[in-house]
Structures are given as structure tokens and as C-alpha cells.
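For reference, the structures are reproduced in the following blocks.
After this come two complexes, each holding subunit A, first together with subunit B and then together with subunit C.
This part shows the complex of A and B:
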């Protein structure tokens, strides 16, 4: 294999595909990147079996070929080069990277050991999904990172009415986003996709046009975004029935400026010195008072102007969870609906039903 | 030289059980009494956890490989440790201690510091309190302990060593001479009333009278000091320092240069009998752990699931007994090449249920590189908090189906398990996976 290209073209490809590799896993080859050249088309692939990312790039190809090189090292080398042309050459044992007066030779893995990358899924559903980037940002954060509860590490993507619905929960909060009019799935069809894969997808989307193509198989799904393709296994099992968790009505409604609330929360959170310290929110007719008290460190209190209708009360939340919800509500104002200090509260944008973030309070002694 | 520690207005006793595990075994099985008993794993890699004085007279010591212990003392009876039973006896001991003072600091199952400053008015001088404690412990548990006392905490710990029975080479002839004799020699002539009242070295109670701390300390080898391990003692030996007295003669500045600032300064103070640490009652438990060394390296994760599950069961039972909840579960894996790796998982909320802890431990186990050969595995709980304490608790959504967790039901199960074990012994009830032919495949619902 031999080709030439701009450093930035190669860096985008190796760093993008490298995000799917697992350098510390039990199989060394999974810490490698597969570089395949056919004509002028370079395809760089990284995988940890569950997740695969392939990035295509157009290069000045000399000889076709294949090599598997350590992802981290290769990426670091390419990144260290000055902008300009990079020449890459590989034989059975080494990959050579040359730029300017630098020349690196890196030992490669046996290319035939590299796992077969999932073939394009059968029963492909092909369609464009717009608005997915924002929806992922709003929903994946509520998924669990607890591998002991695999179902909750996924994001449910389901056909809902004439659109698509994304739902995730870690059992402390639940995020739900509707994408009306996006008809990617058939009626009643739903899949459970690992949130890790969707976080990577979101990264890809942020650096490309927000147009995604989904192909769906029985056990895997693949997303094509620009020059990159991300393939992930699906999580098997039934997502909890989230509908019963969402209260049908709320007696108390708070409307508050999103930025004002966020700024105040981030300030008072400084006093939350461990992960279990809650922020207490005292709800009053024309304002709310946020307070964080940590015995050994001190206290922070801040008042924020707000409109509140309902009975006066204090409800406590995990400040990180609350901030993560407020952050992704769109619009200048957010609405917080509450029942009482021990029942789920709901954050949503004012005047829109597309998004909701259900959050369980913290019980304070 | 001036002697007494700055916070010297208190009296500290250190109570240390004699050959604790072995003595408990002999108590429960009278046929073991008077014999060389070794508590510990008998396998190739087993180590001696505790041994009777009869075994010690053959040169057997704690932490010695069982193979070596067997060679030194072929007639010894090996007994597998029963930590649940020792913990039970330990609780009885603490009940005894609590009768003398509320200021009790347990440092292990068989060792505790007691601040008896206030108890003097009720029970008399420290030596008398020491003798009363020994008698009460014997009555309540049938076990023998040694008591050391001093105005200075760490000196009390060394004094309890001096109070211990002597190990003699002639079998069966350990003794507690009533008169002070032998080492620590320089101290034999102590004039204050404390020793006379308390009996001398080897007699079960040894009180270092106020003002005699340095005289007591100086003949001891430096290794006897708390905080002097093999590395430090080796460095000191190179400077020609073997005894505490020699250590005290070195300027503190020099020690700080050789041993590092904090450690050097600390040892310089100890060597002069200075220690302002107080007895800390209810010493907060920081971690609860258990580990097992295998006689043969294990290469498959299946062969490790059963022991990990057993350890998860045991540590979760202990965290419940302590009335605490744990948030962090850690597994420790030592591979064949002796490299040790730990992996931990922190839960969002504290738990004391076996199934939560086992699930986390098994998930961590699945990340271990078993093909490298596993020599030792351990499970520990950290990030402990008092049950129903002042901690705020994050509430959960009530998820149905597969993701469901029902803490109140699990709590009830664990409580019943604990109660059955309390009444019928630690082995009376366990997970099906840990007994019989079902040991092979382990999963958790």
C-alpha cells in the first residue's frame, strides 16, 4: 500500500475511526486501525466489536493494499506533523509515515486478524434524518453508564405517530425527544441502541452536515454521516414502560429564564463537594432560592427571579442532573413542573411538547 | 531526659487477645486445647492466619506460608478460618470493654485501645483495671488476653506485647512468670508503683509507669515501633541504629533527611515517647474487604465467579452488621506474574444488599484478564456511610420489567439471611451457587 495526502485529511480519518478502538482491551488487534486503499479511496476502520467506525478519504493512491497499525500511536504521529503532504507506505510488517524530514516506521498487526467489519445490514431502511444531532444531545445524557443494567445503557429509538421518538433513562432521570415528521422506522418498530455509539454519532454529526442515513439489521444498526459510517450492535431486551412514569398533570409550575437558572446552578454547585450533595430549590411566587450546604465546607445561596404558580415548597435535586437537563432545553425560558418534594419533576421548553426531562428529587433528611 | 507525651493526662490500655483465632477454635473444639493449632489455608499457597502458642514454640508464626509451618511442626492441626465466628467473639469482647469505658477504639477483631482515664476513680489504678478486664474477658468469652498500659498510646501497644506469654522452645511450657525478668532489661528496675501493681512482663498485664516511657522504649528494637517496616528498619540499620534508644540519640533533623520529613519527624518523636494520638472511639470503618489466594492459578472467569460471589456475600453481610451502606465496590486481581490490578465501580447510591454488591463485583470480574492466570482475587467495599445517616438520598423512578429493582424487597431478604446466620451460624444459609454441584455456573437475576 502506498499513498499521499494532506495531513489534515489523514488526521480526520485516523482520529475519527480511532474513537471506536479499545486500546486497553484483551485483544491487541482491537487497538489497531485498518487502513485499506483501493485506487484513490482510503478507508480507515476502528472497532471494539460492539462499535465500528469507518472513515473514507480521497487520497493520491499509488498501490492498493491493506495494513493494521496501532491507532493511538499512528494518530499521535500524524497529529505531530506540520500541515502539508504526508506519504504513507506499508508492507507486511511495517507502516511508514513520512512528512517533511520526519520518517516514522511503525510495526503493524497481521491484517487478516482484524475482525470482519459488519457487512451492511440486511433489511436496510434508508432515509435521511435531520435534527438528529440536537435530539441526541438532549437524550443520550440520561442513559445509564451502569453495565450491570444493560437495558438502561441504551437509547430507545421508536416510531411514534408520524415521527421518531428517542428515550433514555438511568432510573434517576428520563429524557424524551420527539422528532415529528421523521419517518425512518415502520409503524410500531423500535430499536435499543447503546448510548456510547450515539455519543460517537453525535460527535460525527457535529463535524458534518446534519443529515444521517440509517440502515437497520436484526442485530445491528449503521449510521452514515458524510464520509463516516458508524455501525453498532443493538441491545436486546425490552425498554421499561416509560409512559407510566410521566405524570399526566402537575399542580405546580415554575417558569424561569434558562440562562439565569443555569448560571445560578453552576455557581451554587461549587459548594457541592461530593456527588451526593443536593441543591435545594425553594419555590416562591416571584422567585426561587437555590441553596447548597456542605457541612465541612460552607454554604451557597442564590435567588433567581421566576414565575411560580402553585403551593410554596422546597424540593431538592442532584445539581448535576438538574444542570444537564436545563442545558438542553431549547428556548429562553424553561418550565419546571412539580407535584411534591418526593415525586418526579419535569423540565420542558415553554410552548413545546417535543422534549421533556423527567427528574427524580433527592430526599433530604 | 524528659519523657512524657504532651497529652499525658490520660491512661490508655491496649488489649490484645492471645493467639485469637486459634484460641477461638480450641474453645469451640476442646480436643484442640493444648495442641499445636494453625488457623489458615492448608493449600500450597495458604498462609498462617493465627497459631496457638504450642505451634509457636516450634517457630510457627502468623503470615508464614502454611507449607513452611507444616515443615516446622508436622503434628500441627490445620483449621480453616471462620471469620464470622471471630467477629461474633469480637462483639462479645467489645461488650466487655464497654463496661469499663465508652472510649474504645477497635483496631482489629482481637485488638482494641481503651481510654480508662475516667475509670480510675471507679476501678482503681490502671494495672487493676487491666487485671479486671482480663478476668472479665475470660469469664465472658473463655479466652485469654494481654493488656498493656501507658500514658502514651503507642507505648500501651508495645506494653501489651511485653505482657504476652513467652514462647519457649520446650513444648507446652509457655509461661507467664510473675516476676519481671529478661527483656526489656533496662526496665527491670523501674521504681514507680505501676509495674509492681500490674505484674511484670509476660504476666498478662504490663503497665509502663508515668515517666518511665523512655526507659521502657529504649531497649526495644526499632521494628517494635509502630510505623517501622522492613524498608525503614533496613535504612536505619545502615546508619547503625538497631534500638529505639539509638534512634532517640539521632538528631530529628538527620532522621528527616534520611526517612523523609513527615516519617522522620514522626519516628523521632516516638523514640522520645512522644505521641499525642488519642483513643478514637467508634473509629469509622473505612473499608470492608476479603480476598482469597488460590492453590492453583485460575485461567477461566467461570472458576472465579463462585469465589467472587462468596466474597460479595460475606462483605455485604459485614457491611450490614456494621449498620452501613457502601457506594464503591472494588475487585482486586493478582495475576500469575504477581502484578496486581484493582478495578472499582461506584454506585449512585449506597447499598448493603448482597445482590447489588455481587452484581457490581461480577461485572468488574468480567473485565479481568483471566487468561493471564489469576493467583488471588479479592472484593472490597469502600465509600461507606452510616445507614439512615444524614446523607441525602437520590430517589429512583419506578421502572417496571427487566430494569426493575426493588430495594425494599432485597433489603428484607438480606435481613432474613442475616438473622438466620446469627441464630444458626454463618454457614447455615447461602446462595445456591455456593453449594453442591451447582457451583459450576453462576448468574444473578
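This part shows the complex of A and C:
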């Protein structure tokens, strides 16, 4: 294999595909990138079996071929080059990268050992989804990172009315976003996609136009974004019945400026030096008082102007979870609906039902 | 262990000087020679302390502790409200939650947490390549080899697969099925276990110990 291209073209390809590799796993080949050249088309692929990212780039191809090179090392080498032309050559044992006066030779893996990448069936659904990037940003954060409960590490994507609904929960919070008018799935159809894959998809979307093509197979889903294709295994199993978790009405409603609340939360959170210290929110008619109190470090208290209708009370939350919810509510004001200090509260934008973030309070003495 | 509650002031002289003015405090003198002065807050953190080796000298109503660097901690006692000593004996050490040995012990005590009808044959059942954590029999009398890990990774599945291979050579046990038990099992380990015909079971450590989390959850 031999080709020549601009450094930035190669860097985009190897760093993009490299995000799916698994350098610390027990299979060294999964820490490698498969570089395949056919004519002027270079395809770089990284995979950890569950997630695969392939990035295509147009290069000046000299000889077709295949090589599997260590992902991190190759990316670091390409990144270290000055902008300009890079020449890449591979034989059965080595990959050589040359730029300017630099020449690196890297040992390669056996290309035939590279796992065969799963791809959705040919008769898969093919659809364009716009507006997905924002929806993913709002929802994936509520998914669990605990592999012990694999169902909760996924995001449910389901047909809902004439649109699409995304839901994720880690059992402490739940994020739900509707994309009205996006008819990707058939009526009643739903899939559970690993949040890790969707976080990578969001990263790809942020560097490309917000348009995705989804190909859906029985066990895999594939998203095409620009020159990149992300393929992930679907999670099998039943997502919790989230509808029963959302109360039908709330007696207490707080409306507060989103930025004011975020700034105050980030300030008082400085005192929450561990994951278990809550932020207490005292709800009053014209303001809220946020407080973080710790024995070891001290206390932080801040008052924020707000409109509150309901019973005066104090409710406590995990500050990280609360901030993560407020961050992704759109609009200048957020609405926090509460039942009492021990029942789930709901964050949502004012005047819109497309998004909600259900958050369980923390029990405090 | 000697515990003294006293109204005292404390002076430290060494790399720097520090003074605690008169107040009522807890003074803790441990058998290892250390001394620490506590107020009624700050959880476990003393206001001042001296680590062993150090020596204690009494001079009137003052206790002077000196370490190898000649740093001194002087406690000036004005009134002693409590002075008790107790022999605590040998400390068995901290047993951290979730260690494999404890999980194995809990599962040995109740193998049905891994599958209905399982009963223990032996812990650390020997094979010629090392002992498998638990050997059980199921309801139908078939042998079940169980490997217990805190985190379920591919390596653990491979380890169990090797044990199964060895155990299957024993005509009294053959055919032996495998259960891979862990608090958390990685998806890749599940895939490999599935390919080897090994059942994965995730165990809840708190539940095994009969404890319930106090966290509020949506479900």
C-alpha cells in the first residue's frame, strides 16, 4: 500500500476511526487501525467489536493494499507532523509515515487478524435524521455508565406519534426528547443503542452538517455522517417502562433564568468535593436559595431570583445531575416542577414539551 | 489506648510553630506511641498530632512529646475531665467491601443467588492448573464450576474456560457447565462467555449481604 495526502486529511481519518479502538483490551489487534486503500479511496477503520468507526478520505493512491497499525501511535505521529504532505507506505510488517524530513516506521499487526466489521443487513431502513445532534446532547448524559446494567447504558430510540422519541435513564434521572416529524422508524418500532456509540455519533455530527443516515439491521445500527460511518451493536432487552415514572401533574412550579441558575449551581458546587454531597434548594415565592454544606470544607450559599408557585420547601439534588439537566434545557428560562422533597422533579424548557429531564432528589437529614 | 478529655493548650515546635489556645479537647494516646489532639468537629482529623516513634515526658501539668527530629508537642493540662485506658488488642485490619474473597464466601454460603437449586460441593475445588472458586451441583446433580470476580473481564472468562476443560477430564464430574459471576460483567466478556457456553450472572454485593441502598431511585 502506498499513498500521499495532506496531513490534516490523514489526521481526521485516523483520529476519527481511532475513537472506536480499544488499546487496553486483551486483544492487541483491537488497538489497531485498519487502513485500506483502493484507488484513491482510503478507508480507515477502528473497532472494539461493539463499536466500529470507518472514515473515508480521498488521497493520491499509488498502490492498493491493507495494513493494521497501532491507533494511538499512528495518530500521535501524524499529529506531530507539520501541516503539508504526508507519504504513507506499508508492507507486510511495517507502516512507514514520511513528512518533511521525518520518517517513522511502525510495526503493524497481521491485517487478516483484524475483526470482520458487522454491518446492518442490506434491506435495512435508510433514513435521514436532522436535529439529532441537539437531541443526543440532551439525552445521552442520562444514560448509565454502569456496565452492570447494560440496558441502562443504552438510549431508547422509538417511534412516537408522527415523530421520534429518545429516552435514557440511569435510574437516578431520566432524559426524554421528542423529535416531532422525524419519521425514521415504523409504528411501534424501537431500538436500544449504546450511549457510548451515540456520544461518538454526536462528536461526528458536531464536525459535520447535522444530517445523519441510519441503517438499521436486526442486531446492528449504522449511522453515516459525512465521510464517516459508525456501526454499533444494538442492546437486546426491555427498556424500563419510563412512562409510569413521569407524574401527570405537579403542585409546585419554579421558573428561573437558566444562566443565573447554572452560574449559581456551578459556584456552590465548588464546595461539593465528593460525589455524595448534595445541593439543597430552598424554594420560596420570589427566590431560591442554593446551599452546599460540608463538615470538612465549609459551606456555600447563594440566592437566585425566581418565580415560584407552590408550598415552600427544601429539596436536595445531586449537583452534577442537576447541572447536567439545566445545561441542555433550551431557552432563557427553565421550569422545575416538584411534588415534594422525596419525589422525582421535572426540568423542562418553558413553553415546550419536547424535552424533559426527570431527576430524583437526594434524601437529606 | 488512653483517652483523655482535658482543658488544655497545645504548643508545637519544629519546622514551624503552632499554638492551640486553651479549650476542652480529646487527647488520644495510642499504643504505637502516637498522640493526637481532637476538637469536637472535623470528623477524624486531629487539630495537632505527632506520629511514632516519639517519646512522652511529664513535666508537672505538661506532657511533652518529642520525635526523632526533635520536634516537640507540648500539651499543657489545666483540668482533666476524663482519663480512661483500654487494651484494644490486635487489630484485624480493614476488610474492603466487594473483594473477591468476600463475594466468594457469600456465594458459597448461598449458591442459589447464582441459580435455583445450586448446592455447594466445595470452595477452591482443585484442578491441575489451579483451583476453581466454587464447585456446585445443580438440581439434576450436574457439576457446575463457578468463577467469581469483582469485575467480569475477558480474562476471567478465559480462566473459567480453562478450568472447565480440565474438570471435563474427570469422569465423575463430566459434563461440567460454567457460571461466571461478578458484580459487573463487561459486554465483551459476555460475548466470549456466550461463545464458550458459559452463563454470566451479575451479583449485587449489598443484596448478598442483606443490605439495601438508601439512595432514592426512579425505579
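Quick note on the criterion: the second predicted complex is superposed on the first by the 362 of 365 C-alpha atoms of A that agree within 3 Å, B and C clash if a C-alpha of one lies under 4 Å from a C-alpha of the other, contacts with A are read in each partner's own complex, and residues count from 1 in each chain.
Heads up, the rule we're going with is that a contact is a pair of C-beta atoms (placed from the backbone, for glycine too) under 8 Å apart; a residue touches a chain by one contact, two chains touch by 3 or more.
The model shown is predicted, which means the values in this text are computed figures rather than measured ones.
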item	value
Room on subunit A for both subunit B and subunit C (clash or fit)	clash
First (subunit B), second (subunit C), both or neither touched by A:50	second
First, second, both or neither for A:237, with subunit B first and subunit C second	first
Which of subunit B and subunit C A:182 touches, first, second, both or neither	neither
Superposed model, subunit A: greater residue contact from subunit B or subunit C	B
First, second, both or neither for A:277, with subunit B first and subunit C second	first
Which superposed partner A:364 touches (first subunit B, second subunit C, both, neither)	first
Partner chain(s) touched by A:296 [first = subunit B, second = subunit C, both, neither]	second
Contacts of A:191 with subunit B and subunit C, given as first, second, both or neither	neither
Stretch of subunit C, among 38-46, 74-82, 146-154 or 164-172, that runs into subunit B once the two complexes are superposed	146-154
Intersection of the subunit A residues that touch subunit B with those that touch subunit C	26, 146-148, 169, 171-174, 240, 245, 342, 344, 358, 360-363
Subunit B-facing residues of subunit A, complex	26, 146-149, 151-152, 169-174, 237-241, 244-245, 275-278, 316, 318, 342, 344, 358, 360-365
For the subunit C and subunit A complex, residues of the former touching the latter	41-43, 45, 153-155, 183-188, 191, 202, 214-219
Subunit C contact footprint on subunit A (complex, rising order)	25-27, 48-50, 146-148, 150, 169, 171-174, 240, 245, 295-296, 342, 344, 358, 360-363
Partner subunit A, residues of subunit B touching it in the complex	347-349, 359-360, 363, 369, 371, 390-405
